[in-house]
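Chain naming follows the written order as A, B, C and D, and within any one chain the residues start at number 1.
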Amino acid sequence: MSRIAVNLPGLTMKNPVMPASGCFAFGQEYGKLYDLNRLGAICVKAVTVEERRGNPTPRVAETPGGMLNAIGLQNPGLEHVLEHELPWLEKYDTPIVVNIAGYQVEDYMEVAKEISKVSNVNAIELNISCPNVKEGGITFGTDASTAAHLTEKVKTVSEVPVYVKLSPNVTDIVEIAKAVEQAGADGLSMINTLLGMRIDLKTGQPILANRTGGLSGAAIKPVAIRMIHDVSQQVDIPIIGMGGIYEVDDILEFMMAGASAVAVGTANFIDPFVCPTLIDQLEERMDELGIDKLSSIVGRSSLCNNL
Amino acid sequence: MKMENMTITAQTEVAPKIYRIVLNGPLARELRDPGQFVNIRVGTGIDPTLRRPISICDVDLENEELTMIYRQEGKGTKLLSEKLVGDEINILGPLGQGFPVEVAKKNSTCVLIGGGVGIPPLYYLAKKLVATGANVITILGFRTEKDIFLEEEFNELGQVIVTTEDGSKGMKGYVTDALKSLTSYDVYYTCGPKPMLRAVEITAQSPGYISLEERMGCGVGACLACVCDLTKPNEETGKGYAKICSDGPVFLAGEVIL
Amino acid sequence: MSRIAVNLPGLTMKNPVMPASGCFAFGQEYGKLYDLNRLGAICVKAVTVEERRGNPTPRVAETPGGMLNAIGLQNPGLEHVLEHELPWLEKYDTPIVVNIAGYQVEDYMEVAKEISKVSNVNAIELNISCPNVKEGGITFGTDASTAAHLTEKVKTVSEVPVYVKLSPNVTDIVEIAKAVEQAGADGLSMINTLLGMRIDLKTGQPILANRTGGLSGAAIKPVAIRMIHDVSQQVDIPIIGMGGIYEVDDILEFMMAGASAVAVGTANFIDPFVCPTLIDQLEERMDELGIDKLSSIVGRSSLCNNL
Amino acid sequence: MKMENMTITAQTEVAPKIYRIVLNGPLARELRDPGQFVNIRVGTGIDPTLRRPISICDVDLENEELTMIYRQEGKGTKLLSEKLVGDEINILGPLGQGFPVEVAKKNSTCVLIGGGVGIPPLYYLAKKLVATGANVITILGFRTEKDIFLEEEFNELGQVIVTTEDGSKGMKGYVTDALKSLTSYDVYYTCGPKPMLRAVEITAQSPGYISLEERMGCGVGACLACVCDLTKPNEETGKGYAKICSDGPVFLAGEVIL
């Protein structure tokens, strides 16, 4: 196994970097810019049973060191994804993670069941943390027992490993992480965006049509690191870490905090080549820091782990 | 589409808070259509986070130069305006689908209607149209006389009607007042603030093309920040919306809901 | 009343700007740089019954667009503050807010009782949100009924209005805000810092000796704006807004979101003159935006309010 | 203490990753003691957030120039090293309590012990001590030969002993090895990494002064980021701790717990 390869349930990754859900659509746009096989995995946009039109525009607003988005889970719906988006990805031999969302447990189950049957889908990411639609999962994400129940149900129908994407907008993320682990989650993705708002001084009104949105980007990195660190010490399932990864050092920081792989979101908007660029820089930086194998640094910040 | 550090070869304030910037680099050769835009990284660190979309106003393919005209609006365009000749700046582009030039037949009459910083992309369009042998009439809307830019340049390409809201120069009123005065034309192309686009769409007597703006995340079609609704679903994809950054910014009038 | 004056319970402020607790000690350091009478009010460092030595160093770490701190409520204790710090502030006619903290309800009550008797203390800020000491109040800040109970108790002994400083590290800040309002709080201060962590890649260990710390600075501004916006629509008591204020526009954004006054923390470290500078810029910026009186924009983002 | 935009009049790499920067401006006149530092704003926006504390290495009061020597360590010092002569940079300072020069009597012997980037503040100290008629012996510790800087400058002020960890130049070993070889001296002054300071404190045979480093927030004594414990509580204030930025960075050896 190469120095930068990592293995997670369902995901045999040649490197630890995947684009984050919602920041990479279904791969076609960035696929024009570089070979998607260079990625460790690909995580696609949230899929719901029916087509979703999302929120009115403006849907993004800039913030210091970050951005707010309130896309509202716009997606073409399960059928279209099955017929058009996933087949397009078949030409790549990079593992595919499909982010799924819904209004109610049954929705998640339906999408999970159908999506997980697709031959090139390697894992499902349960989005229980979208802050931008009332029924978009955030309620699943802020209550441990609801989150656990959903996980359990989805596990009964999914043919591939299930990662649960946690919301940072909670008092005790460890509690929720433990609950979904017990409910059978194969891994965790964290973190989704922090709820935020920006106001346009000229109008006095929020910039986003949806008023609030999800904060992503460099600004949230220390919150992500803290949550991953805390959770990784209390659960045994692997974590896909995300939230403000821009530089190669960030990848290492997330892994030392306890992530087994990472996802890059907002940074793609700054530099569309950021994923392959960071992957290319990884080994040199490991050499500088005297890191032999990437897998050996996972959770290093918690002394006892994996050393 | 490319990402490239281009070199600033000129930067001047052509009207209050309106800047003309010229960038040099091979990326310029990638331009396909007038109306395409670039996404500019105005800083180097984490702030500002997002790139700034600015339309391409003119191109010099031989010398690999792109010209843009932008208003110093907020933080990002302020940073841009502070850059100096010789500085490098990271450009992603050209992006989007521009104005179709081929729809204008030889000797046909094209009306170009621009408001404020919606005017710049019409300039390269006008040049291309003139090159195909079409007649170009340009209506340029400004708030007041001192805001006027590009008038002379358009003058060399055909008839120009300037409107100002306060009547300090040209026709007093809006671009649509000028448009009403025109009797026959074959196609129109417009870019400007949304209320203007709506008014133009209602007023115009011919088919036309409309260039839209929206706050953007990625600029390449991946984040769904910049969608607008289609009047009827796309036949091919079945989708009821379009992405301004990659399906647009130019749409056939009537194709999208303004 | 001047265009930029604001009135809050106990605080007649010539302008809406005060330094945030913990970023200004007891005023003496910045008092050497400018006349503290220029400030709208002064909020001093957390005071506890006994002297507190705080956490080991390093106590600060930089983050993208912000910083972490884990000072750990270091302070010389109630007696020393009464004898040395507050008397020094007597020469100013700027309202003083004293931030207080404790291990248990009785501690808070003792400090509140003594501090509120001091003639130049105009209000108390109940720190139920310090993330940096286990017993430093965060437990009071993450549970609505505990927070309400504490507020009620402190109100029984305080001779000045009581502002409760809320923690953003909660699932539902509105619930806590409403609970402390009902318990008699005269106002709210929000937000305190977000829990975060940074890891030193060379050691693999957290940079802060305390491991986690509180995230402040520009990075957290959209989170603060969102919380203030949400809370201000559900409570009738005024809010002192803070979290990432660096520029004059930020003051206006916080007030439009629903804050009646603001506090500036981290920005003092970047520019020690930031408070008077922002105060000086305020009227010109109001002119540009066509704002007549500052008090008229409070909560403008919620349409119905105060217009 | 002042906050001022100073102009860079020189910036050179004097050893690998070690830069010497000279800043011009009236603030320079405020310097009181060797060992004081400035807090440098290396960026202009929100990132990096914090200022960087750097010791003053030398001052030219007449020409209003401050010299600093710093190692390019992380993001902030990298940004600093990329600044050019003529650029302005925002400086807060001078800060803190420096080395007491008055304790050194005429003809007394002072040993200055510096390790790596702890060396720079000792240079202006050496000049001041020599000016008062004291004899200065300087021990400079480096990792290896190519890291050496300021050796010649110190040579002009008295005896210099260079130590390198790998023995590539001067004495092989640590500064304390050199210190042990000195027999009689009246006072020492030291600055360097904490393990070195601890070793020096144990080894030294005279009273001395120690300059400390700590991660800082405000740099002016207001945030309590940079405290260290006092060996016994301060008699005046009753406080058991000191703030490195305002009570220090220089302390009497034994006064603080290292």
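The working rule: contacts are C-beta pairs under 8 Å (C-beta built on N, C-alpha and C of every residue); 3 or more make two chains touch, one makes a residue touch a chain.
Only a predicted model underlies this, so the values are computations on that prediction, with no experimental measurement involved.
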Margin query: Considering only chains that satisfy the touch condition with chain A, which of them also satisfy it with chain B?
Written below: C, D
Check: Higher C-beta contact count, C-D or B-C?
Finding: C-D
Next item on the list: Could you tell me the distance, in whole angstrom, between the mean C-alpha positions of chain C and chain D?
Entry: 36
Check: If you average the CA atoms of chain B and of chain C, how far apart do the two points sit, in angstrom?
Finding: 46
Check: Rounded to the nearest whole Å, what is the centre-to-centre distance of chain A and chain C, using the mean of the C-alpha atoms as each centre?
Finding: 34
Note to self: Roughly how far is chain B from chain D, centre to centre by C-alpha average, rounded to an integer in Å?
What the structure shows: 56
Note to self: Which positions in chain C are in touch with at least two other chains?
What the structure shows: 63-66, 218-219, 246
Check: At which residue positions does chain B touch at least two other chains?
Finding: 46-47
Check: Which word fits how the chains touch one another: line, ring, star, complete or other?
Finding: complete
Next item on the list: Name, in rising order, each residue of chain A that touches chain D in their complex.
Entry: 64-65, 218
Note to self: So in the complex, the part of chain C that touches chain A is made up of which residues?
What the structure shows: 63-66, 68, 142, 169-172, 194-199, 201-202, 204-206, 211-212, 215, 218-223, 225-226, 229, 244, 246, 249, 252-253, 256-257, 289, 297, 300-301, 303
Margin query: Can you tell me which positions in chain D touch chain C when the two form their complex?
Written below: 1, 3, 41, 46-51, 92, 214-229, 237-241, 246
Note to self: Going by the contact rule set out above, which residues of chain D touch chain A in the complex?
What the structure shows: 46-47
Notebook entry, point to check: What residues of chain A sit close enough to touch chain B in their complex?
Noted result: 22-25, 29-30, 32-33, 45, 51, 53-54, 57-67, 69, 71, 74, 76, 80, 84, 207, 217-219, 246, 266, 268-273
